[in-house]
Amino acid sequence: MNPEEIRIAICGASGYTGGELLRILGKHPHARITAVTSERSAGKPVTDLFPHLHGRGALVFEPLDKQVLLDKADLFFMALPHGASQEAVNFLHSNGKKVIDLSADYRLKNPDAYRRWYKHAHAFPETIKRAVYGLVEINRDKIPGATLIANPGCYPTSILLALYPAVKRGLIDTTHIVINSASGVSGAGRKAETYYSFCEIHDSFRAYAVTSHRHTPEIEQELSIMAGCDTAVNFTPHLLPVNRGMLSTVCAPLLKNISQQEMLDVYREFYDKEPFINVLRDGVFPDIRNVRGTNRCDLGLAVNERTKSLILVSAVDNLVKGASGQAVQNMNLMCGFEETEALTDIAIVP
Amino acid sequence: MNPEEIRIAICGASGYTGGELLRILGKHPHARITAVTSERSAGKPVTDLFPHLHGRGALVFEPLDKQVLLDKADLFFMALPHGASQEAVNFLHSNGKKVIDLSADYRLKNPDAYRRWYKHAHAFPETIKRAVYGLVEINRDKIPGATLIANPGCYPTSILLALYPAVKRGLIDTTHIVINSASGVSGAGRKAETYYSFCEIHDSFRAYAVTSHRHTPEIEQELSIMAGCDTAVNFTPHLLPVNRGMLSTVCAPLLKNISQQEMLDVYREFYDKEPFINVLRDGVFPDIRNVRGTNRCDLGLAVNERTKSLILVSAVDNLVKGASGQAVQNMNLMCGFEETEALTDIAIVP
Amino acid sequence: MNPEEIRIAICGASGYTGGELLRILGKHPHARITAVTSERSAGKPVTDLFPHLHGRGALVFEPLDKQVLLDKADLFFMALPHGASQEAVNFLHSNGKKVIDLSADYRLKNPDAYRRWYKHAHAFPETIKRAVYGLVEINRDKIPGATLIANPGCYPTSILLALYPAVKRGLIDTTHIVINSASGVSGAGRKAETYYSFCEIHDSFRAYAVTSHRHTPEIEQELSIMAGCDTAVNFTPHLLPVNRGMLSTVCAPLLKNISQQEMLDVYREFYDKEPFINVLRDGVFPDIRNVRGTNRCDLGLAVNERTKSLILVSAVDNLVKGASGQAVQNMNLMCGFEETEALTDIAIVP
Amino acid sequence: MNPEEIRIAICGASGYTGGELLRILGKHPHARITAVTSERSAGKPVTDLFPHLHGRGALVFEPLDKQVLLDKADLFFMALPHGASQEAVNFLHSNGKKVIDLSADYRLKNPDAYRRWYKHAHAFPETIKRAVYGLVEINRDKIPGATLIANPGCYPTSILLALYPAVKRGLIDTTHIVINSASGVSGAGRKAETYYSFCEIHDSFRAYAVTSHRHTPEIEQELSIMAGCDTAVNFTPHLLPVNRGMLSTVCAPLLKNISQQEMLDVYREFYDKEPFINVLRDGVFPDIRNVRGTNRCDLGLAVNERTKSLILVSAVDNLVKGASGQAVQNMNLMCGFEETEALTDIAIVP
């Protein structure tokens, strides 16, 4: 089934992931955006908030009125804050709409874990069960038939894609994984906070949410599924003085004697058919600039023979493969479009 | 005449304008790149120097052998350094090839001016006469029939597009124009020089080539044609700590009593049909980030009633509308393609 | 009179100029900070807001209670927002305190101009008459005896220091001055606004407040005094993606035939004894990075013989010579300390 | 013994560490710089290469003539490239001079390790034995009597200071330490290489020298001494798009049940008297901007109870505590000056 055109609404469209959805879907031959919501900017043309979208149509923000939206669209991208997304997603989904939720609200399968990490209860545990974790490269089979996608977090995307082949093949010890990631500031959203003001970030670099980042249980949940046993990871995120881009450096003890070349072969074989995964050649490591604005994940690795460890480095654009691009990738599969439709752009370098 | 496909060679393809030509032409349905030259990188795959181009084909740099190239391509983009371009352009053009020269070698109509500003003689003054100055919005009529295009410099592009309507309508005094521009560092090319190393540029801002920048005679030549009389301008370029983007702020005395609204109307009328010129609404001024990676020129203006002056502000991407994008725009017109083919991308923001 | 120690209060100390006053005065052998005020951060240690000040004492913010403050300090630095400063300055000054006001409230001599540009009336026009405009290099004689200093704005500082010698000597036409300035973001203060958030500024460059910036009447007032006649200028400020630093590029028609070398001699002679003015050698122009964190103003110039114009370029740190450093320079003169006390640091480069 | 003044030569003074030595020593009351060497810039005034040093004297670079230098100075800072330093250090030291070597040439005690990691032999293994590893906080007792200091590398400084208390107290498993560091670009020196040009670094972030960085054996050597047994670490450095600053994030399994609060107490006790180590309060982590331009090391830590691991984060300025500042700290102890002399500046923030 490949419909000529699908009607799309974006709820919470005035932030950075909303802007990216507008940019990407604007190039999609089968997508027609019929509604964009923003409480604060209701009534304003989209180009007031996103001048770079000039020439891409005359959309105007409207408030999120669920009943009104039901008539307007077939598929909904939800870019609302965590917590705020729960109820709207449940409503739209239970009314038969396809929903891709970019918030964290439907990612954790265990409502207790949700409550523990997000500090409030989940009101729709039954709906959680319907949600498919939309990391395409891992859950590809489940997505075409899904009606509710929990679009992965940016950190988990970059980390799980790096670890997947080695974990699936049983090559590393999943009980001693150490992950350090660094993200561009857009990952924090479009916010009026002194903490994220230019002068507080420029020329700075810092770790944050040490031992407490909410993407930790998401990483551990998916890693445990891959590994077939419970895992806990040391995950330390950092804030980079750039707009976009995320680099994750993962270290894990090797379980087997394997050379760097053999490990690269494992990765190449695993990701051979993946249109968005780029395993770099021996000795080359990713740079966030090469994936900026793209849905690509670049991967590099090294086997440290002195310490019997594997070092993995992955780069994604936190707003594209880490959010809106991956959401469109999920839409493409859900709707029977080409997986790469609207997602073939390469980075603007330098 | 709209050929199915045209064979294209890029001479001097290992620099930033070369990379941009590869990125843009990679999306062009009628362009097939058949040769890319680089003396220093001959034999290397293009993706060694441009990892972001991964997946866009398997081109390998070759040395610039003119005889060999003659058989390989129908249209040549010349991205060689000033001076080095002269002879190759002349050879290819005199052998019946279409040539778009991104260097400055064929921009100045007066060989004496060339010698004065570039410090060496021009060996092919007759060929200069065949060259069309490829600022499409001003010379649109001459480009379809042209066989040699002198692709405009980045500063002149941003400045001439800002001044064109006011000068053509006789609204400003062209003898007292003051121009301040600021450019991203990629305008200097891909260079191994301490002066352009990260630590020497980051967190810096400086004027350079004060009263002596080589784009000055190019600006004055075209401005004099527009105005119908000789003009000299005060042009001061500055170096911005960003990769891309160019902002020009132009100030000129008004010759007539005209309101800001009327002036905006003049500009809107002039550029109404231009696909790449975006006259911003009243009170809004351009930001380089909104045009980065695009062929767009954003324009804002103010009438200063206290000083009876016009302030114009324009933004372009120095590598796209200021170089490679404009070159492809010229190619599109020369070859009968849609003018906007491969040039419709919008900026990646933030 | 050189007291051993002077007691100092900083009102509005939680912003960037407040932080700079704390940093600079922390090195001053004759200054003892006895009170720092902030409504929003009252009760918090200074190092909570300024972790870089760790080890520089245990100051705690207090609310601005004027009666309480009267007993605590002899000299007050006022770093309150424009408008908010008026009344507090008047109270402290009329109670016999020395006051250095970093706001704009006492800079404009004409209350009508204040009302026109700042959109509210000035309640203390008599106190304005007591204020000395604290641009030391121009008003040096008036400062030792002053009790109220209107500390100059950052843009006027960088611009007036550039123009002073040429205007005083009658070398340029003051009716056609065009000024383009670019400032680091800290000039906007420490603000929770989306407009100033990292992702909205990084990789951007834009003009703002075109024809309407409030420093314009301040520049024109002082320029008119220098020139001995009314002047109006075209002043266009721009926002640079750096934390600190301000570069002003000024263009004016020459009134006399004068060579670049002669003009440099005029400037060197004028500023020969000035400890903070650095006239660069022939052909060298300032870079903001060389003055960052310092009270220095670097100046370069060129005579454009083709256009019979003078191009001046000046660089200051908007928070130091453009605000807090200049305020301490004024304090040093008011209190009989060495003019350069606590102000001799050079820039951290790179 | 506190001499009035010591005569100092800086060999290899035209790079960034040389510039920092000039900046710092320029404030030192007991230091007189009598010679600065640079082969490439011999004959040029220091301010040609370092305009920010204007006003700090009239030094001129000279070539490195060892015999000439012997008469000129009592103490030598050697900021030559690795390899180039060996012979000059040996000559000056064997002629009775005090030498502080900022290169890596005398850091590794084992000449075989030097050969393995630096790819050439060490010609003066006997002199290595005389060198003291100048990490003051760890080797304080040995420095006053030393005549040859091997000034630590920037990465080892930031990492060893973070690990020292936990390792000394036997609180962590030293066989599974994972270290991720990120450095500003100045760590690579002042180089004319395309790789370090602005456009190749800005907006980028990448790992480099994965498993092969030359600071690895230095870290392991000192860690093994601390721990009393051989250790090997996983160390992955990254390149940050900032000029200065280094953040190291270290993860190690805990050997004992210890709370975060108890761990902080251990660190506070260890570093209580250290003038340059700043253990941050519970829940606060360092940011490179707070130590920029200073000799300070900021430390934060977290105990991860879910993974039974310790996370340490340290920040230093790679050019100051990671190079030139630490070198002056060593000089102060060697010469009987106050340890903090010339090193009390705080950071310029923002």
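Going by the order they are written in, the chains are A, B, C and D; count residues from 1 in each one.
FYI, contacts are C-beta pairs under 8 Å (C-beta built on N, C-alpha and C of every residue); 3 or more make two chains touch, one makes a residue touch a chain.
The structure presented is a predicted model; accordingly, all values stated were derived computationally and were not measured.
At the far end from chain D, in terms of centres built from Cα atoms, lies B. The pairing of chain B with chain C is characterised as same-residue: of all residue numbers used at this interface, over half are used by both copies.
The angle of the rotation carrying chain A onto chain B, fitted on C-alpha atoms and rounded to the nearest 5, is 180°. Inter-chain centre distance (chain A to chain B, centres taken as mean C-alpha positions): 37 Å. A straight line joining the Cα centres of chain B and chain C is 39 Å long.
Centroids of chain A and chain C (each the mean of its C-alpha atoms) stand 46 Å apart. Shared interface positions of chain C, defined as residues touching 2 or more other chains, are 16, 186, 199-200, 202-203, 241-243, 287, 289, 292, 350. Residues 176, 178, 180, 182, 199-200, 202-208, 210-211, 232-234, 236, 238, 240-243, 245, 247, 249, 251, 253, 285-289, 292, 300, 302-304, 306-307, 309, 311, 313, 350 of chain D touch chain A in their complex. Chain C contributes residues 16, 185-186, 190-194, 196-203, 241-243 to its touches with chain A in the complex. Remark: chain C residues 16, 19, 23, 26, 50-56, 186, 203, 243-244, 278, 280, 284, 287, 289-293, 296, 298, 345-350 touch chain D in the complex.
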